[in-house]
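Written below as structure tokens is the structure these notes are about.
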């Protein structure tokens, strides 16, 4: 309810066209209306599509397949596009049963169902340092694609063979935002950010062993990047990178 | 030199309008030209203004005042805008001597000299959780301002009094990018990102004590944000946040 | 034995109504009496019910099902209420055999058997940030309930949709103590503690991935809370939170 | 404005005793009223005394003496009690100039000015493990005292001479809440919590060397306490302990 | 070969009772003799029994059952007592086949075969804080027993019920060395060391969850013990504690 | 294309012996030629054999068996020697099918196929501290051997029986480079480096338990070596050690 | 009061030779007697000399010079030997004023005053790896000496020149306990413990830089020692090592 | 004494040309000869020049200027070249007094005095990522130079402007060993190692702030390098890098 609507309501009361108790009830209802649906174990935030341009996304991690399927059903009922991340086979089977036109992206461990979204303005390039980082890169790609963006993939362009990324300068310069996914020492975002003038979203992955400490080495490398224009999301958080890249690409 | 220019050059040679050794020299020069100036202790990357829209920025930390002043002089000679971060009083005195129209921002510990830049498209809002975070927020503000952006400051709106940030919803929604600066538990970016649909650049600060571990607690809080649209820069890296926010605001 | 009882005993001896060796034996017995039962692998602290208002609670973690069942049997024999935390199915089967009227709470991984307890004075509200945090929240709820408290559950009210928790202000204000359970960035306790004037017991959970480091991010966030009235228990320690909240609610 | 007051307002409008635009303005004002005072660098939350029973407390750490004195002046103007923690001599001199009846507690590094507060119901006992922990214990004591509580101090009762704390059993049992302050291995809260049936707020201190890691050893010890009824605040956070203990003592 | 033996040899040569080349060979043999047996994958240090009073002990962790059995066979062949730690069922089956009179201690995960050893002078007391710590305590007990020491076990005497350990003061004072095994906050060594005047060997265990970090909390607690006479071995290193306690008990 | 070749090309054009568009095409081809083969999920860097003396090595970790086999096939097609590290049985079966003359080294978890390489100049000695470190030592040995080096193995010569390594002084002094593999406290590289005047490449292993923290203790020990001539590779990185040792042995 | 004394007392009462109230008072006095002296900021544990063979030792760290001098005065008044560790010049001046015959050991940062103690049975050898570790070694030496032990110093015998420690084998074998002090990689205790059959107390020092992390590398190295008979004290804790070595040497 | 010399000695005795006791003394002397000079606080390892090709180097850190000067005097007396690292002005003054022809390298914080050394075979290239890393690079350069190597410096060639290092490909390819010094994310070694086929010694520096954690980020980046041929030394350990690079360059 905007200030103008409030004024309208009061005018109706002031002019006798609405009773005070009627207006009272409506105002209270407005204030009390719950912009989410309470399932007991979850409060589905249907309002988020209005507030943030995309409905609530389900993080599968730590939820039971039943919980995931129940929330998915509610989101699809409203006609919203559906995105479930960190979804295993068990979740997929239950969701598929209640949302038959959903798709499963095994690489990205994501379940999607397309919906109407505002298209992004340019291209989001997604670069991965190694073959093993592709899972996380695909989570970012699926997310960005579902949110209405054109996505370009540049995989296995890590810095140990620097000519591989240098040769992709053209495709990188054509992007409006770049997502860079890398494990181990996480050096790729610094190199790419030094080559372009668009924002780079860096995603450390847990790929590596020993002193990679499950992605800490890559995370620290990215946070300490000496290049300008780099910001970082959580280890393996392909979704988060796809999401903020999409927001930027919609500006 | 683009493929078309290369073709043109070869046509000149092929048609006899240019001698082969002349073309040879020009091609080698093109390939060998050094897009930086070597001072021995530093290679000033003058090419960066073309490549990234803003010239090299001097990180004062770990450099001697003499080194800082020498690099600053070279940048100003080319007519570029000047930004020196982490600059103490000693550096300021030497820089002031060689760049008389430079300015010192004591809060932000930054030295600037305005130059011509492409203006950003919208507003960058900078929110700080507490009074003690203002130094880092000001580094971001000085950076974003120098790079041609309109900046809105919203200071001391931390989550312990949630009504303070809720009341600023309007100003936050009017921004095209939001920088959120917070120490201690670093919870403010999550709350703000949940209220808007624009990208949030989160800056953890080293403000706190005990288990804040010099900003680690805030950093981890921000990396683990449950809200969409948050990416993180290094602890106390106001400059980095201002820089990527400016890139986004120029898209 | 209080000083007064000691005086009475000595008066009996002094007046010849009790022999010195009789008194001697009784005093030694008093001093030597073991307020626990030694099973070899465990010393069951039956005295704890008197000392702390609730009998010994069995932490299932690291104990064999046989050990758990044996200790449970001893506690139930004395007529005490029974609480076993971190109990898996194997433990439940053995315990069920020896304590047929016990109950298994699968969500909370807890086994209980009700007993007489002093009722708490008000309500303990238990808020969880996400659906995945419910297991830990339920451990707190089962504990608080068994210890005689009225419990209110408010699940999935995390800060990324701040209106969800703001709408529960009434129920939060009605509580005498609030337990707040959150993983990932652990920001919810700060927001809730800023809204009320009762103590908040914060429980970090291991829910999250990457830089959540098994709950460290949430733990640090809570320890660094900028709000007043927050104290923290171990990661995933729903029991500990329920227990101290019950102590507070019995004051 | 309560629902009843809202109804009253609408009745006035409905009955013609108030004009719609007049009511409109009043409602908007109510919604927009700022329950804090904006000093630019700080938003003083005067509303907090109503919301949480005690006005905003100033954490001196990271603020300039000027900022501290300016905020202190605003709080005292409203007649509120004043508490500044982590205040050094420089801050004290400026504050003393604007709040002449303030007091400086050198041990606790705190500045206070008494005000009217609701008295707590019982006693808060504050135990410290060693002599070096007294600074933190005094911050808790000053806080609890200013908030209206009766405080009992039991200093230097660490576990290496267990008889020292056993002999204080009586005073510990007489308390309604106990704050336990300890550095090094932080074992005292476990021992005390095992002796009583009231909540124990544990405060790790940074006292120690080597593998105490600035209080981490004590913090971890307290979080892992095998005793029931222990919750923990940040390292060296005497204020936080005093504050939540006071809240509990006011229930 | 001692200096005296060397002199004797040279006297024999000098007096013509031994030929120089004979003596040459013997001296070289002495110098070259390998005081270990090389199995390719292991060099069995048979000399250790002479040098350190007990033969080489096999750490099962990281070795294949075949390797373990082969080394065990070599040790038993020399008539040495046998101790294999961290031995699983698979290792036990192979070892049992080659060393039929070996014993398996399932609790301690140890394989032993008694041999002749010098008896220790007094008693080694082994205290464990909780039931879950018994595995590690048993590894210490099996080790100390095999090395010829009398062992007293005091299990489940953790500090949350301080009367349990206070009542064992007598048995603790009767020991010549005390091993204290504890997980979680690891506070028991401090309490026990404060009660006695003999050395305490503290063994942190990995028992716990959350912020126990696999035994780090207990380890740090023990390293920071405020009591005198405590030294610490690795997390879960029952063997190491048993071994040094035996050395002390043989002095 | 060298400057001389470029000159030659231009001379041809200048003298009319080559058409400008022909030269144009050739120059562009030269610039665009991709010195890697793009499989979509991997860019096989065939150029590396020229650039670094050995073709791309496949790190099996994080790749699917299908991906590994596909890359292996491409490398073998070019006649290059093949090395796959961290290869499990599943990968071996698929690779064996496409490269029938490959070998599997179970200890080292490596797949190899010999090829022509330049022989190293001297011997690489590989010492391991314990039997459990042999897997990592074998990865180094297989790598060094495949790259054309003569390898000497000295296993189980850890510092707890210092005579074992002292007796191998001769073989150590005969090596041109020494790889030292050790877990637990990682002390062996310091001792060996103090005995010789050739470079020592230290490899920490994840062997150990408790405070070895998966190899961190050994890693830190080696980084802090007080001996001269020690450099360190990642935990368990036998391949990396073998590779740099081979480079040194080829100088 | 022993059981026998208690019996005697009761016999006196039973036979009328002592009045019941007299006995009552005496028993209560016995129970209440405080075996420490309360200075407000410290409880001086005079009883410790009886309980542990040496009076309370003052850790200077974190105490004011005034507090140190006051406690020292109380200890000396009782005729006890005095040991103050981590004492700076300021503390020394105040202590010297009240205890004129005290001595200051600048290297060890310790203040002592000799007193009567039971002599230890053998020699305590103290080995240091480097020159920089001597401060910590001297703290151990001063402690052991004051507690009645004969001390042998072997400084700068680190493992990078292994012959230095091998040549001291004789002096090491002659000791009853060995303290080994080392920073950096902390390898010396493993080497020494492998050479002897007496207990080794390892003291990590904070000497080093970079990845020594203030002594963590040395600490971890020592905890993970592959040699038998090593136990560890806190980083830089020379006192603790001297103390437990003295206890062992008095057995 | 070689086996042949031993035989000769015995022949002398066997043939009566030397008395047995004479030979006895000589053999014992040989065994007992101390190849170091004991100053009490240090054992100067003069033998190291023979064993390792360069005499003992003095690490100034943690030693007093007096100790440094005393050791320096002993080394120079033998005519050895002198290298003192981590030497401050105070040490320089004392050393200068006793070694008048020594030099002070302020950037590198090193004191040197040239001596005769075997020249290295090729060039050692030393690349630094930033201006602030030059101090550490200079320590490596001074070390390598003193040990007889030709050194090439390439400073400020960090990856954020990748063309800077690409343009130095020629000088890098001409080196026999490359030392790469970098702080912050430490990505430069990976890029350089991917360009050349010689060993790269990576030196992380403590340059950076926030999540660089004093060089940990750079250290981890280098340990996890995805390029072949990289080994790492301690943070800021320019000396160690220079030393091992020199050893390699002397092969």
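We just call them A, B, C, D, E, F, G and H in the order they show up, numbering each chain from 1.
Criterion: a contact is a pair of C-beta atoms (placed from the backbone, for glycine too) under 8 Å apart; a residue touches a chain by one contact, two chains touch by 3 or more.
This structure is a prediction, so every number in the text was calculated from the model and none was measured.
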Least step count from chain C to chain D, where 1 means the two chains touch: 1
Cα-centroid distance, chain A relative to chain H, in whole angstrom: 51
Length of the line joining the C-alpha centres of chain F and chain H, rounded to whole Å: 25
Approximate Å spacing (C-alpha centroids) for the pair chain A, chain C: 39
Residues of chain G engaged with two or more neighbouring chains: 130, 161, 194-195, 210-212, 216, 219, 223-224, 228, 234-235
Complete list of chain pairs which touch one another: A-B, A-C, A-D, A-F, A-H, B-C, B-D, B-F, B-H, C-D, C-E, C-G, D-E, D-G, E-F, E-G, E-H, F-G, F-H, G-H
Touch list for chain A against partner chain H, complex: 129-130, 158-162, 166, 184-187, 190-191, 193-195, 208, 210-213, 216-218, 220-228
For the chain G and chain H complex, residues of the former touching the latter: 130-132, 134, 155-157, 161, 163-164, 167, 183, 207, 209-212
For the chain H and chain E complex, residues of the former touching the latter: 3, 6-7, 10-11, 13-16, 19-21, 23-24, 27-28
Residues of chain B touching chain A in the complex: 51-54, 57, 121-122, 176-177, 194-201, 219, 223-224, 228-235, 240-241, 243-244, 247-248, 251
Sites on chain F touched by chain A in the complex: 32, 34-36, 40-43, 45, 47-48, 59, 61-63, 67, 86, 204, 206, 214-216, 219, 234-237
